[in-house]
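Below you'll find the structures, each written out as structure tokens.
Two complexes, one shared chain (chain A), two partners (chain B, chain C).
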Partner chain A sequence: MADTLASLRRYMVIPPIWLFLLACVAFFSVLTDDFLAPGNFTNILIQTSTIGIIALGMTVVMINGNIDLSVGAVVALAASLSVGLQDQLGTLPAVVVGLGSGVALGLLNGMIVWKTGVDAFIVTLGAMIGVRGLVFIYTGEQSFFAMDFAYSDFGMSTIAGLPTLAAIFLVFAAIMHWVMTATVHGRNAYAVGGNREAAEHAGVRVGRHMVINFMLVGFCAALAGVTLSTQMGASTPNLGRDYELWTITAVVLGGTKLAGGAGSILGTLGGVLTIGVLRNGMNLMQVPAFYVLVVMGVILIAVLFIDARVNRRGAGELRL
Partner chain B sequence: MTKLDIQSGQAAPRLGVPDRDALRETLQKQGILIAFALFLVGFSLMSDRFASWDNVSTVFRQVSIIGTMALGVTVVVITGNLDLSVGSLLSFATVLVVDLHDQIGPAPAILVMFAATLLIGCVNGLLVGYGRLNSLIVTLGMLSAIQGLTLIYSGGQNVDIADQEGTWFAVFGRGFLLGLAVPTLIFLGLAVAFHVMLTRTSFGRRVFAVGGNPTASAFSGVRRARVVFSAYVLSAFTTACAAVILGSRVMGSQNNVGQGYELLVLSGVILGGASLLGGSGSIPKTVIGVLILGFIQNGLLLMGYPYYAQWLVTWVVIILAVWLDVASKRGAFFTRTS
Partner chain C sequence: MSRVAHHTAEELADLKHRAPLLRLDGVTKTFPGVKALDDVSFDVRHGEVHALLGENGAGKSTLMKVLAGVHRANSGTIHLNGEPVEVNSPLEAKARGIVLVHQELSLAPELSVAENIFLGSLPTKRFGLVSWKRLNAAATHILDRLGVKFESYDRVGDLSIANQQMVEIARALVFTPKVVVFDEPTASLTDAEKVVLFDVIAGLKKEGTGIVYISHRMDEIFTLSDRITVLRDGQTRGTLNTRDTDEDGVTRLMIGRSLDKSARKAAPEPGPVALEVKGLSCGDLFRDISFSLRRGEVVGMYGLVGAGRTEIAETIFGLRAKDGGEIRIDGAPVDISGPPDAIRHGVALAPESRKEQGLVLGMNCRDNMSLSQLDAVSRGGWLDRGAEQAIYDEYAGRLSLKAPSWRTPVRNLSGGNQQKVVLGKWLGVKPRVLIVDEPTRGIDVGSKSEIHALIRRLAAEGIAVLVISSEMPEVLAVSDRILALYHGRLAREFAAADVTEDALVQAISGL
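Moving on, here comes the complex of A and B:
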């Protein structure tokens, strides 16, 4: 019985960001009339789905103790390819090429991190600059418009009352939650991030494991690029700029540690929704968009501050 | 396990292959310099305009803004921290100094801008130094917050200076002294000052100590919080200097003028061989790192490649540079992880 309870608590424990999210929802429900309207929630889900999809992959990479700064550039690359190649290849193959570009770039990033031992921060920082250059060269600094209306219709479509893009995000989140809590790969992710050497000695093929995760986050970023361009029916070479920073913000808000070894998909979902609710609620309160940036920055630092005070590890640590 | 050399703290060279070890050591210590020299020779062979005095001085002038910012960021990186807020901070400072120029005059504008920018540097320093919070996330939050502040201040409008010819403020970005551009002089002057500070003062030694071995430095009586705090203030200071150059050169500013600079600056610092783990890095190498970025851009443009080709080359160069560094310390090109 106690064991069952313990394991229940282990899996059902609610990441603290959800409490904050609830507080935000309550706050905006009281202060604005429109926040609780049913249409608004699906709105928030659509708005957050782009960052949200990337954040799912980023969570796994960050639990590994790595990071991927190139996701914003991959969003632009995948969007440009899947819109720009529609004329030559047809829509579906173009989308496949777009998604494939993300996976391929993830493979490249992962292989470099694995084989050279260069820090993922530096590898993906380089990729972020380089891939953005590729996008500009490929597009000739032009925006592309999707001539196939089915493409932009997809972005507006609904499944069983839920917008398709929101559904994709939620289903993907459910799958990733399952992967991280119930599969060997998920367990290995925590092991590699928690203590890499120990994981290596325990027989985890750390290099291959990390490459898979980089391919996963590359796929997520490419998928986000595709969904974003279906929303607009177009792609621009500047698409996804600063997305790496927003994604990391969402993941960190969700309780994932930069050092690796800790974090969860549930937490990331909470972090993503928190950003969405804050932006949406402040919009409804007619707070100028400029203030939202300040509030987001302050909240990120505040969450970090509270987390450090509550979960201070090694209280005997030397303090000066 | 690799054996550690007690004096240098680096992996002890294997015995029996003296030539390779000497080569490796040279590569490790001067790799960036050799790469730089190869670059220059290669570009000069491929373009006859490349090696001209005009061109070289142009490159120096072009990199002066990123280079100036990189000096402060180098200090932060040596303490083992990151500063991602410098790009936003550059936007903020430039908008502030340009906007105030017409309202209260150049000198007061510069003073107010420096005060405000250093204040933000203090906030960074308090949070990371005294608050012991993760520097990446703190400065990421500050990046967003400062962006918001800039927009709130300007109301989203671009700002510019009305009398662009008559003001002495123009000297910082457009002036020449003894045949050298003033931005170059500011950049190199500050570089010398920072180099002296890092290598000849006790503050410099404490910066390296805090980044290299926090525990040992703490037991030796170095106050980590104070050193890290100062590093962030220095980073804000160099960003403010860069803002003066930028504002004066453009005589106006957009709200997002510094967007993305944080990572360009960091690339320059990393190319110079500073480790993100802290404890290593040097001002002359950062200057070379920044110059490599500048010369890549310049050389490729002279050879007629599209503008964005430089970003592709930067990608390759950053990874190669750090790989060589890591590989020489490891004594093998590839990791043995399975």
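Moving on, here comes the complex of A and C:
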């Protein structure tokens, strides 16, 4: 009995960002009239689903001790392909090609990081620049518009009252949470990120797991590109700019360590929602957009500072 | 670096009669879920070596970390030269002349030896630029005193663990310290380096420096120390004058019973050959190594650090590519190109350095133990927590692991208990061939004999065990046969029954 309770506690640990999120929700509920309005929360969910889906993959890659900066460019690539190819291939095959491009790029990133030993930061920085170039070449700097109305309808549709895009995000988050806590692959991601040498000694096939994770984040970015373009009914070559930064911000807010080995999907979910709530709330308070950026930057640093403080005290670790 | 002149004998005698150099009173320290120290008092006199003893997890390192400003105690006071002082950070401790040589290496692997030694106090010239000339000269001066075989400009990451330990010790000698704490300094040193360290300690003593010496090796404690304090479960069990007591007395204070030193039961007849190595070579690390391990047999591999023992193990385990020779398992030649292959063939290696190769420090105890056998505790890629827990419970019990719970990150365990997690991780694999590299480094005397017994028991269950160790008593205690290595070559092979210490020493020094 005590044991089930204990294990329950382990899987119910609430990442600290959720407390901050609650505080934000309370803050905006009091200060604005519209924040608690019925439609607003689904709004937030739709707004955050794009960054959110990428953040799920990014969390896994970062726990694994790597990073992927090319996600923003992949968003544009996948969106352009899945909209631009609809005429020739039909909608569904075009979407499959779009998603496939993300997975293929992830495979490439992963193989390069594994086989050459070049840091993931550098490899994916190169990919970020190069892929954006490819997008411009492919689109000829043009925006594409989806002629298939079913495509843009999908972005607006709902399942049982929940917007489809939000549902996709939440279901995906649940799956990824499960993967990270209950599978061998998830456990290995933590081990490799925590101490790669020890993982190798333990017989973990480090390279294989790394590549799979890059493919996963590639898929997530491509999926985000597709869902974003269904929302807009179009794709532009500049789609997804700065998304890598927002994604990493969300993941890090959620408690995942840049150095790897620690983090959780639950935390990332909190980080993603926090960004969404802050944006939405400040928007409702009519804070000018540029001030919103300043506030977000400050909050990122402040939250991580507090987190580091609290955790150090608690663990009785080195005081520096 | 200038050093104070030695005290005359009278001065020293006088100093000894004054208030103790250092006094800790009523120190209590709790970590979440653990009371690591409970009202501990401890003092060090001028020019004495005060040994601190206790089981793994007794609180020795914690007490010294409180002294060195790494941890803040919940309560308690520190007096230095009779004056109450506060030590709130390692920097402050250093400034007051309190130096801690850490149990776990804490060096920056990418920096040079000299930079590591002077980290935090690099000599500078104008504009704050580092004066490399003075830095290297000062470092060389200290290194000469330690008589080491590496240079001040070598990269620390390239040094062996033993040499890294020497760098750690060199750090303590930068300032003229008042109190130096050595936390298991010899755990990875060879005999020659030990002699140098003991000379250094004798020198410090002459200068009136107070020394705290933590070790699990009784012989060292009895040669070096003037007084012994025993900690048990975070409480002081007593302080004795070394000359008034003996090993047995101290052991009883430590673990509450005497050690069972009864002779080992004769091993049953070993079974068929499990591992056979023929003409194994790898660069100039080792050449032409041939030996075999039988089921049910424990073979010791003894030699100086640098003789190629670890490298041989790593090659068998697939971490290094061999450039000649053959490995056979159960008679069939195998091609092992990495740890996954090795594990598939039933070979396990518990590595030498727990922090780098053995453990994921931020991960909890249970997950660390099961990491080497995730295939066995999962079905179709899904983890079976019950199976993981069963492995943890079994080996935590067999090794008498002292951890607050399975959920504790191994980082928070005491050094010896971390080592037990590494062992558990590989014992749980139930391998056909088990290689353990320095299995009892940092493990207390009680647990040590338990681990030796466990190794014997595993052999009796039909596993072929290779024990690599630089401790002769250990090799003699567990092995049926002993392989002596010298400079990457197999110098001699002994049957445990007719080996003598002299013959062993000769064999590993190339005589």
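Criterion: the second predicted complex is superposed on the first by the 308 of 320 C-alpha atoms of A that agree within 3 Å, B and C clash if a C-alpha of one lies under 4 Å from a C-alpha of the other, contacts with A are read in each partner's own complex, and residues count from 1 in each chain.
By our rule, a residue touches a chain if its C-beta (ideal position, glycine included) is under 8 Å from a C-beta of that chain, and two chains touch if they have at least 3 such contacts.
All figures in this text were calculated on a predicted structure; none of them were measured in a lab.
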{"item": "Combined model on chain A where chain B meets chain C, clash or fit", "value": "clash"}
{"item": "Contacts of A:119 with chain B and chain C, given as first, second, both or neither", "value": "first"}
{"item": "Which superposed partner A:182 touches (first chain B, second chain C, both, neither)", "value": "second"}
{"item": "Which of chain B and chain C A:205 touches, first, second, both or neither", "value": "both"}
{"item": "Touching partner for A:160 - first (chain B), second (chain C), both, neither", "value": "neither"}
{"item": "More chain A residues in contact [chain B versus chain C]", "value": "B"}
{"item": "Chain B versus chain C as contact partner of A:258, first or second or both or neither", "value": "first"}
{"item": "Which superposed partner A:30 touches (first chain B, second chain C, both, neither)", "value": "neither"}
{"item": "Contact residues common to both interfaces of chain A (with chain B and with chain C)", "value": "200, 205, 318, 320"}
{"item": "Parts of chain A lying in touch with chain B, wherever the complex brings them together", "value": "69, 112, 114-119, 121-123, 125-134, 136-137, 200, 205-208, 241-242, 245, 248-249, 252, 258, 288-301, 304-305, 308, 318, 320"}
{"item": "Residue ranges of chain A touching chain C (in the complex, touch as defined)", "value": "6-7, 10, 182-185, 187-188, 190-191, 194-195, 197-205, 261-262, 314-316, 318-320"}
{"item": "Of chain B, residues touching chain A in the complex", "value": "84, 127, 131-134, 136-138, 140-149, 151-152, 156, 215, 218-219, 223-225, 259-260, 263-264, 266-267, 270, 276, 306-312, 314-316, 318-319, 322-323, 326-327, 330, 333-335, 337-338"}
{"item": "Residues of chain C touching chain A in the complex", "value": "31-32, 70-72, 88-89, 319, 338-340, 342-343, 349, 351, 356-363, 367, 371-372, 374-375, 378, 381-383, 385, 405, 407, 412, 425"}
